[in-house]
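Two complexes follow with chain A in common, the first pairing it with chain B and the second with chain C.
And then the complex of A and B:
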């Protein structure tokens, strides 16, 4: 439906977006994950027509809209800070796009009210229609902002960190509701976020953006289990990343020789999931096809359903081990004691000095 | 605690003095406007309280040796001039401030060029304008040459007020409107304008009052048909009678009425914008 071709944009000579190409399909929930400063808001503004790209094309349903003014594009755009009209009530905010549309304004007040009520119902705000937008909470503002956009029935709705300003509880509830609302209305969502949980949990597909370029476009589960670059892996918040180099079919990290998957050469990063690591006594026998390092226990972090143990590696950095409490009971280690941390070699991902994935996918599918 | 009360007293005295200096002249003028007429002069004591001079101003007093104030036409001229100046300056000021919302090449230079209009001494500007008019054979009139100078003078004020308003204006609401498929023109009407309306009122008030009692520029460029400040000044050179004070009280009351309208409109739009999440953070007064 929407296709971006080689899009580029720079501000004062500094590149913000560089060679970005991807497409958004019909009836799809696409999430776009990027750290702050990765150009994700710039990208949304380009698609919405609020900024003009320096290079590339934006094609909507086969029509080049690269230079079309915003109001003629027919896309929805839900802003980060809601941007509700402060001088209008909730109902007036929602009906604004209906009654003031540039080509097809609805003048029948009954029809407008009916559509508004319907949308208020969907976003769960019935009864608040006549409130001023200053008299409602953050989560309600978020819904008004969403309702205001969805009531105009865009085919594609752009959401700029829609949950960013909400507290954790509300965030979780809105996650579910957003997916629900989208599915009911059959609108495509392109949801931009800096939060990996949101991007992983909500998207049918996800895009990882870093420094203005697309790094990976895949299903969230694939991005999670097979990050395309070491920086994506870092962003997943689920991996221990050990720097070093390969020598004689081993990976050398801070003096330790670690086993590596077959056929890996020239790796600079050795990456293992925090939930794939076993904690053993130092004197435990070496297992076959396993790698291990000795590390000093520092502390643990209790997170409700899981616990994360923090160890200090030989190079002074933190090594995390995660345990799900549904499967194991928490163990109490003594701070300062040394433990052997080991893992299966098939669970290891290796990355080249330029950050790209070295393992071939066949091995990984076996590991996953 | 002792120190605090001392500071309080000092501040209270300061405030009292401020009020005395602010309203003193007006109170004196107000009292003297009720002097007996037509014999009573513009000084204390009050011989006898009367409303004679008010009758004299509006032309219902019996004829006397005191000539009626030549303010009737002058007042209408001043009001029309102030009104026209207000409309033109506010529109120009708003449009210019709107242009300054996006950085453009030479914006700094243009900014100072605009603000220069309020920096140049009025007498010089008036003189210069009259020279230009003479050079090009243009008649000097309150509605032509003087009007242009009034706009030149008040436009920077309106511009600065609107600039301050736009500085605090959150453009994302306009973008939201555009993204909803609303044309830029309608977006301005329905979103931008209502939000900046308090600022526009302030700009209008500035332009009106500045033009209403403008003296030096009008003196040189107004031609033979004088405006109100010039007419009043003209009577000083002959003899001062309390009818001037009565007129002063009446125009001040008129100004108060104008301010009340401003305050009411401001209150109305502030209530609509009352507790808000976006846009201008508080109303501008």
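And then the complex of A and C:
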């Protein structure tokens, strides 16, 4: 439906977006994950037409819309700060796009009210239609902003960090509701976020953006289990990343020799999931096909359903081990004691010095 | 002994705590009473005094009021004042709004905004009288406007209606007071969040629609404040009218000046009261239009 081809944009000579190409399908929830400063908002603004790209083109249903003015594009952009019209009521805000449309304004007040009420019901705000926008809460503003966009039946709805300003409870509820609303209306959503949980949990597909370039486009489960680069792995917040180098079929990290999967050469990053690590006594026997390091226990973080143990590696960095409390009871280690952290070699991902994935044992194992 | 002085102290403290707001209010209230309330009451009172050619006495009469409303000259001046005020208000808005729109909305740098606003105020560094009188060589029969227009062949005869008419008074007033319209509107416009305009465009509104439905309504409080500034100043005007009309256009302000000059205090008081009432009505109406307390 929407296709971006080699899109580029720079501000004052500093490149913000560089060679971005991907497409958005019909009836799809696409999430775009990127750290702040990665160019995600710039990308949305280019698609919405609020900024013009320096290079590349934007194609919507076969039509080049790169230089089309915003109001003629028929795309919806839900802004991060809602941007509700302060002088209008909730109903007037939502009906704005209907009554002020550039080519097909609806003048029949009953029809406008009907569409408004329908949308209010979908976003769960029935009964608040006549409130001023200053009299509703942040979460409600978020919904009004969404309703104001969706009521115009956009071909694609762009959401700029829609959950960023909401508190944790509300965020969880909106996560579910956004997916429901989208499914009900059949509109494609492109949801931009800096939060990996949101991107993983909500998208049918997800795009990882870093420094203005697309790094990975895949299903969230695949991105999570097989990050394309070491920086994506870092984003996932679920991996321990050990820097070092390969020597004689081993990976050397801060003086430790770690086993590596077969056929891996020239790896610079040795990556292991925080939930794949076993904590054992130092004198535990080496297992076959396992690698281990000794680390000093520092502290633990209780997160409700899980607990994260923090260890200090030989190079002074933190090594995290996660345990799900539904499977086991928490263990109390003594701060300062040394433990052996070990993991299965087949759970290891290795990355080349340029950051690209070298092996892919998770997939190999899945295929076997 | 100490016990008593202690309780005296607490009593005193309690007294001050209780009446502190009134102590803070006192200077302001005294000031307003001395220089606003009492003079206003005096003005109303004096307007009912008996005025003879050479003297004024405090015997109450409605004679001055009857003269004002039955005289063509005086009542006509009231109507003329209102007409000129409305004309000037209209043109200051027509001229001021686009300027304010440019400064407040199109210039996004705060520094440039401030510079432009200061530039609008620069004419005020010269004296009021000079600013008014400068219009004479501009608008006169052999003034700059006529000369230029004749030179480039737009007209063959000089336009005489330019000076010493109501038109010249309106031109002069619009030029002097337009900045009071620009300031408040530019201020309101500069507070509009750019994302609102983007949101309006994004859901399909054309730039013109965005202006009509978002920008203009949000700038209305500024228009109201500007209109109040201009109205208050124009309604009480007399200097521009006498300097640019050759004393042909008499506004209420001009009549007050003449009456006071010839020591007709009672009659001047009548016009003063009328003018105050007109202003009160105008300001009340403008404030009804837009709820400033809510908008600002």
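What we mean here is this: the second predicted complex is superposed on the first by the 359 of 368 C-alpha atoms of A that agree within 3 Å, B and C clash if a C-alpha of one lies under 4 Å from a C-alpha of the other, contacts with A are read in each partner's own complex, and residues count from 1 in each chain.
One rule holds for everything that comes next: a contact is a pair of C-beta atoms (placed from the backbone, for glycine too) under 8 Å apart; a residue touches a chain by one contact, two chains touch by 3 or more.
The model shown is predicted, which means the values in this text are computed figures rather than measured ones.
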- Fit-or-clash call for chain B and chain C when the two complexes are aligned on chain A: clash
- In the overlay, answer first, second, both or neither for which of chain B and chain C A:86 touches. both
- Message: In the superposed model, which partner reaches more residues of chain A, chain B or chain C?
- Response: B
- Using the touch definition from the top, say if A:71 reaches chain B (first), chain C (second), both or neither. both
- Message: Just to be sure I read the superposition right, which of the two partners does A:135 touch: chain B = first, chain C = second, or both, or neither?
- Response: first
- Is A:56 in contact with chain B, with chain C, with both, or with neither (first, second, both, neither)? neither
- Task: Examine A:48 and indicate which partner it touches, taking first as chain B and second as chain C; both and neither are also allowed.
- Result: both
- Given the touch rule stated above, what does A:244 touch, chain B (first), chain C (second), both, or neither? neither
- chain A contact set shared between chain B and chain C covers 48, 50, 69-71, 74-77, 79, 81, 83-87, 96-97, 100-103, 145, 148-149, 152
- Message: Taking the touch rule as given, give the residues of chain A at its contact with chain C in the complex, in rising order.
- Response: 48, 50, 69-71, 74-77, 79, 81, 83-87, 96-97, 100-103, 145, 148-149, 152
- Task: Spell out the part of chain A that touches chain B in their complex, as residue ranges.
- Result: 48-50, 69-72, 74-77, 79, 81-87, 96-97, 100-103, 132-135, 141, 145, 148-149, 152
- Query: Which of the residues in chain B come into contact with chain A in the complex?
  - Reply: 170, 172-173, 175-184, 186-187, 190-191, 194-195, 269, 272-280
- Task: In the complex, go through chain C and note every residue touching chain A.
- Result: 193, 195-196, 198-206, 209-210, 213-214, 217-218
